[in-house]
Amino acid sequence: MQTILDVQGIHTFIGQYHILQGVDVRVPAGSITALLGRNGAGKTTTLKSILGLTPPRQGKVILDGREVQGMRSFDIAAMGIGFVPEHRAIFRDLSVEENLKLAERAKGDYVRKRDFIFDLFPDLKRLIALPGTSLSGGQQQMLAIARALVADNNLLLIDEPSEGLAPVIIEHMMSVIRQLSAQSTVVLVEQNFLVASKLAEYYVIIEEGRSVRSGMMKDLVSDKAAIHRYLGAA
Amino acid sequence: MQKKSSSFFRNHRASFILLVAVVLLPFIVGLFEGASPAAVWANQGGISKFAEGLGIEIFILALYALSYDLIFGVTGLLSFGHAMFFAVGAYLTGIALKTFALPLSAVIGLVFLASIVQALLFGLVLPRVKGITFALVTLGMASVFHIIIMSSELGSYTGADVGLQGVIVPSFINPANERLRFYFVALVVLVLIYLLYQRFVNSPTGRVCVAIRENEGRAKMLGYNTFAFKLAALMLSSFTAASAGILHALYQPIVSPNVADLSFTVTALLIVLIGGVGTLSGALIGAAIYRLLDFGLRRYIGENASFITGAIYVAFVLFIPYGIVGTWRAKSFRIAEGWRRLLAAFKT
Amino acid sequence: MSTFFRKNLLPLATLIVIIIFFLAAAQGMNSQDFVITLLRGLSVGAVTFLVASGFSLIFGLLDVLNLAHGTLFMIGAYIGWTVFVRPDTFVDLLTPLALALSGFTLRDVYPLLSDRIRLSLSMKRILPWALILVSALLFILVLPRYPIAGWNLDNYAQSPVTYSYMADQGTRLPPPTVAFDQISPALAIGGLLLVSLLGSFGLSLFDQSARRSPQLTWRSYASFVILLFIGLITFIFNDALTNFLLGLNANWLFFIAVIVATLSGAGLGALMEMTLIRPLYSRPIYQLMLTIGLSAIGVQIVQAVWGRPEFIMPKPTLFNGSGASCPATNFSSWWQGNCSTILLLGGRVRVYNEILIPIIGVLVLIAVWILLQRTRLGMIIRAGVQDREMVEALGINVRRAFTIVFALGVGLATLGGALAAPSMGLSNAMGESLLLDALIALAIGGLTSYPGAALGSLLVGLIQQFMIQYGQIGISIPFTSLVLKPTPPIVPASTVLLMVIILLILPNGLLGKKE
């Protein structure tokens, strides 16, 4: 199977803190891969290092066969990565529509993708003129995902999509992510193991800045001891 | 990084050598001119007296910059009103000595009280404003103070825009006759307060102050009353700056209203940045460099000196990125790290 | 609607209190004084706004407190003065400027060149410095020999003060002719071009991130040729251009001066951001030191080039008439006589200071507002103010937006400087006081809020002018017969006090957003 993203032994510092101390992630094209681990293990930093937002000092990030570490992050993102950050990062001063328009990489992206996005998230259509501030948590999460879909991205990095959402909305979110994985590869950071195990085919466990275990999700689900050890009670 | 060593002296060898050099400096300078140490001791004029004067100015600036480094570098409060701390000390000393003829000990007590009061005044706004807004509010308070001492209504006390002149300095410390003594008094005050600051920064209280700088929210979450710690740092800083003000009023023939100006706060900021933010020793080194640079350039280049000074600041920022002490530490840290890596490579 | 009131209770209450104070203060004034003071306040507010808005745009997006902003405002005033009073100097400067810039347009070509050069590692380190050094030496050698008509600070008859006075009288001096000093024109021009090529190549060797694409190289060749062409054309037609500008109506010349000041400010801003500010984004505090240093350098350059004495820039003739029909009583009589003042409610209002400047202030306010709200760049700016990282993660080159915003901000400041020169006069200290005003205005209005910059500047301007007015007529305190006359220091103190009070009630200013 083809690998779309290959992270090889990256080390990342934030200030003087050595956050990532050797993380390897291989993401097969068209799959959903979950990054698992406890709080503060370095999952979010891994996503940001892939994008060059916290550039790794050592190691390689290979995207579509090209080494991208050290490139400017907007150039990396423009290679076709959609990023849905933790806490959503909706632009408050922009309306919902402007939030989406901003994500255009080529003129007309938004108009082209509008119907597709509104099919996925019918709610957004009626909120289109509202400022980003007035959305609820679930709506913000929808907008954050929608924003990553405006441009033609073949890799989506989604950070904590279920955080702070009601169970009904989580269900919706999961079905959307499953739908999206038909067209693009998804890398998911998820605290909620139940959600992650239902969605992902592959997993990587990160512990104290190192990737310690990876494989097929179905193998992990059956290994109760490992779940307990790495992720606490599941 | 911290090593337990048997000898206190060995750990601070460089500092001690420097201290001895500063103590001996007036005498050594005197030797260049042919004046014997005894002549220097007797406060005869000449180049060594001049060097003492420059030294005193550096000590005062260093004290002032040190106090700024405590609130800005260590605690992380950006204040644009720091000059007021200094000016209150200087003006209060001048007025108390000149108009009310108080004894020096009473003056020091008075300044101590005043410095606490003004720290409380700054502290009053602490819970409400943060970051750049705090800087602007403090700028506002200091500007109001500046306007008050400049106003003609108080001219008989403050000397308005001319400045406070004719302060009667107690004869045992008069900088005209007893300059060497003044030099040592200023040096002792500086060293004592520097040691106190080192102690403070390494104490639990100081650590919390650093934590506030790094992330106030987290410090709060850990259960610290961050306001109290910031206020403590402000008080210590205010008192130190006011002490520098006392020395300034005693040493200078005129206390100019410029010491309450924004540009005098900027001076402190520049000194701290030159030396290295939050390093304490950087404030001392920065003060020496700042004053000598200013003096040298004015003397040899004249009017256009500030062009060079400005260019030097810009070059500083670009080439000595974290101030002298900060960059030095980062470099030696990196060199040490490199050594360790090299040794590790040999072992395997 | 009610939620709007509930949410904004505190700012609204503060505004209402300010308005009540304002109305109470206006009680003791006759309508004539009131209108004139109001217009003066608007004028000061408009100039403050031009500085404050640029400052706030830069601070909002880039997190840079540009303390050199006041100095840049001052430089704008002096540039405007030069173009307006001494167009010959301006024309003489065009050729060297175009040549000096031409090398930098080849930025994207240099990597292709440096890839070809095979050098040892130590040579590679030395090469950029050597190139820059040679370039600087050549520059020092060539530029003084290149003829630029100027003024003479040591000779009063040829000082800026005199030129300014003459221009006000309507005579622009025939330019003293300057010739090449022991150098042939071709050599001088070739030398300047070489300076630019060597210097820019040297600088490009430091920057490893330059991109290499055929499209970019084509474009940079084109702009190189265009700049070279401009340089040569302005050289060949130097005299013709100078005579054209000298013969031009002073109103048009003033217009050109303002445009040139704005554009050179924008250029200066872009240059500053790319070379000096960019390496410091990770060390925000040191930006303060850098901008303070730059500010000191700027003041010194102005002192060295234009001298220390203050002088006034003449007003364009449209606002400078004092014929029989002046002061004008209405708009059409002003238009006929080009009067400098107009009668309004029995008081004399200076047309340039108190009518034109506020109008331009409002026009700029609207123009930048449209830029922010209606264009993609504005969208990037508004989003970037909140979360730079996320904008970058969308694949947008935020750096380019940074450069544009810095250029825009500085351009606004120099525009303000050029406009304010005829009303405020030119002095070495004009920048510093205006920066302080602008800071106070921003603190009142909200540091990163664009409407806040406008509101704060307006309040600062109005309060200053009303305080000055009260200094003359005194405030009668209600219910007593006391008359309080504020002394001059109260003027700065009043705005400062207002700032402190507002910040204590609303830490983010009137229109600022909560963090």
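Chains: A, B and C, in written order; residue numbering restarts at 1 for each.
Here, contacts are C-beta pairs under 8 Å (C-beta built on N, C-alpha and C of every residue); 3 or more make two chains touch, one makes a residue touch a chain.
Note that the structure is a prediction, hence the values are computed from the model and not measured.
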Category of the chain touch graph - line, ring, star, complete, other: line
Two chains joined by the most C-beta pairs in contact, as defined above: B-C
Distance between chain centroids, defined by C-alpha means - chain A, chain C (Å): 44
Chain A and chain B: spacing of chain centres that average the CA atoms, whole Å: 50
Intercentroid distance (Cα basis), chain C paired with chain B, Å: 35
Chain C - residues contacting chain A, complex: 209, 376, 379-380, 382-383, 385-387, 389-399, 513
Chain B to chain C touching residues, read off their complex: 78, 125, 128-130, 132-133, 136-137, 139-141, 143-144, 147, 150-153, 262, 266, 269-270, 273, 277, 304, 306-307, 309-314, 316-318, 321-322
For the chain A and chain C complex, residues of the former touching the latter: 51, 53, 72-75, 77-78, 81, 83, 85, 89, 91-94, 98-99, 101-103, 105, 147, 151
Residue numbers on chain C that touch chain B, as the complex places them: 65, 276, 279-280, 283, 285-290, 292-297, 299-301, 303-304, 436, 439-440, 443, 447, 487, 489-490, 492-493, 496-497, 499-500, 503-504, 507-509
